[in-house]
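This is the structure I want to talk about, given as structure tokens.
When the chains are written out, they are named A, B, C and D in that same order, and each has its own residue count from 1.
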Amino acid sequence: MTATPADMRQQLQQIIAITPFARSMGARVREFAEGLAELEIDVKPELMHQHHGFVHGAIVGFMADSACAWAAASLAGDVVTAEYKLNLLAPAKGERLWARGKVLKAGGRLLVVQADVFAVDQGREKHVAVALATIAKAGAA
Amino acid sequence: MTATPADMRQQLQQIIAITPFARSMGARVREFAEGLAELEIDVKPELMHQHHGFVHGAIVGFMADSACAWAAASLAGDVVTAEYKLNLLAPAKGERLWARGKVLKAGGRLLVVQADVFAVDQGREKHVAVALATIAKAGAA
Amino acid sequence: MTATPADMRQQLQQIIAITPFARSMGARVREFAEGLAELEIDVKPELMHQHHGFVHGAIVGFMADSACAWAAASLAGDVVTAEYKLNLLAPAKGERLWARGKVLKAGGRLLVVQADVFAVDQGREKHVAVALATIAKAGAA
Amino acid sequence: MTATPADMRQQLQQIIAITPFARSMGARVREFAEGLAELEIDVKPELMHQHHGFVHGAIVGFMADSACAWAAASLAGDVVTAEYKLNLLAPAKGERLWARGKVLKAGGRLLVVQADVFAVDQGREKHVAVALATIAKAGAA
């Protein structure tokens, strides 16, 4: 891969721009390097909350899954999530969510990636979820 | 629990009505009985697609997680998802998604629930995801 | 695949015979067909118990993992477990354990398999665990 | 908890001594502190191998599950594994396996724990598996 980090980041932002769900979430790239991806969103309560006033688990899942897939894509190009497991550690409460995906193992066709999701509530950060995912290179499922 | 199935179903629809994310997805109850819950949504491509033109994995995750949580709630009242694992079996393509959650084991504080998610494409149904979740009674995490 | 079910079953029993851990567990094939595998073991308390007098979770995991891998092997030949998730539903107590693995989806390189593990205690059967696994064809990880 | 680390460690070694499966594996405590547990075993090929000559996945699962349960026990006393997910990263090959479990979140009744398993082959260490587990305080399932 001869792309520079700036190229890679720009390419990812273009993918987000043509991904309706990611765009509707307002997903932004924080970091994007080989084997690592971070994204963040501003919480829009009227769209993203569940009935207890926290961010809906599906949004937390979106953050974790995206961080894993993007981190894998940084090494493997076009990828498909084969599976992930998500543990919710605390209610996701606050004005912003961010997630970091890190590749633990990059095999020829499968990548194992871990993600951590954080909520920022009045500036204070809380670890709200952890995920472990298996991502396949596209065409390799 | 002395609620009738019709009571339970109405109660669940009221919860959806006050859950911004579920409402924005247009989630509807298909079935709701002791240990079983089914929901469905119409696919809105401009909101729900990813960049290959399939329904975004986060929506599939929402369907699986909701089916699990609702199935657990049918037996245990207010619940919290502790964790789930989702295997994506095929791209989610079509005009409608539906999911069924079934409680496999209801313990005193934890429930183990399986969910299956289906996509309906021009009337033909495809199994697109399977999930296994651990749901905790509220206050029991 | 032109092998008959009897051929397949014999082949699997030969693999067990050269697999030290499976042999030391006394694993036997119950059923082996395309997309399905069942195995059973007699519980040897002096080897398999944990400190509460139940069968150790590692043995339950062995049963689930083996059932998944064998079910996948029935369709895909030589395979490798990429990952599995195991939910323990009840203490595994009794004189015998058996497990059934069923392929939910066989892709070109990955197979998704579900397993259920049962304990037989004085002739009565109990569902003690459920697993969901991703199995890769050998050389495809 | 007023037990000293040395007390805790000794208590854990006594539990292993009365746990037939852990004892038959030759499990030893490496580290045991609040929220952290490490164990190791010497590989006995004639008991622990699978048919390709690597350590059987069930042994890797035993290491991961034990590290998670012990790490949880360091904070919560008597515990039960509710579920775990294990990703196998590389074949487990060598003369020794060791595992580290770290508590990521200790809730009132549930603990989320991560484990990493390493194989030592001719003195060189390899990361062979990662696990994410939900452990319940005994009586809280």
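Criterion: contacts are C-beta pairs under 8 Å (C-beta built on N, C-alpha and C of every residue); 3 or more make two chains touch, one makes a residue touch a chain.
None of the values given here were measured: they were computed from a predicted structure.
Trainee: Which chain is most remote from chain D in terms of Cα centres?
Mentor: In terms of C-alpha centroids, the chain at the greatest distance from chain D is B.
Trainee: Does A-B or B-D have the larger number of C-beta pairs in contact?
Mentor: Most C-beta pairs in contact, of the two: A-B.
Trainee: So the centre of each chain is just the mean of its C-alpha atoms; given that, what is the distance between chain A and chain B in Å?
Mentor: From the centre of chain A to the centre of chain B is 21 Å.
Trainee: Find the geometric centre of each of chain A and chain D from their Cα atoms only, then give the gap between the two centres in Å, rounded to an integer.
Mentor: That pair's centroid distance is 29 Å.
Trainee: Using Cα averages as centroids, what's the distance between chain B and chain D in whole Å?
Mentor: Centre separation, chain B to chain D: 33 Å.
Trainee: Out of chain A, which residues touch more than one other chain, so two or more?
Mentor: If we look for residues of chain A contacting two or more partner chains, we find 82-83, 85, 87, 112, 132, 134.
Trainee: Under the stated contact criterion, what part of chain D meets chain A in this complex?
Mentor: 85, 87, 89-90, 104-105, 112, 114, 127, 130-132, 134
Trainee: Considering the complex alone, what residue numbers of chain A touch chain B?
Mentor: Spelled out, the residues of chain A in touch with chain B are 15, 18-22, 24, 45-51, 56-59, 61-62, 65-66, 80-88.
Trainee: Per the contact definition, I'd like the list of chain D residues that touch chain B in the complex.
Mentor: For this pair, the touching residues of chain D are 82-83, 85, 107-110, 112, 132, 134, 136, 140-141.
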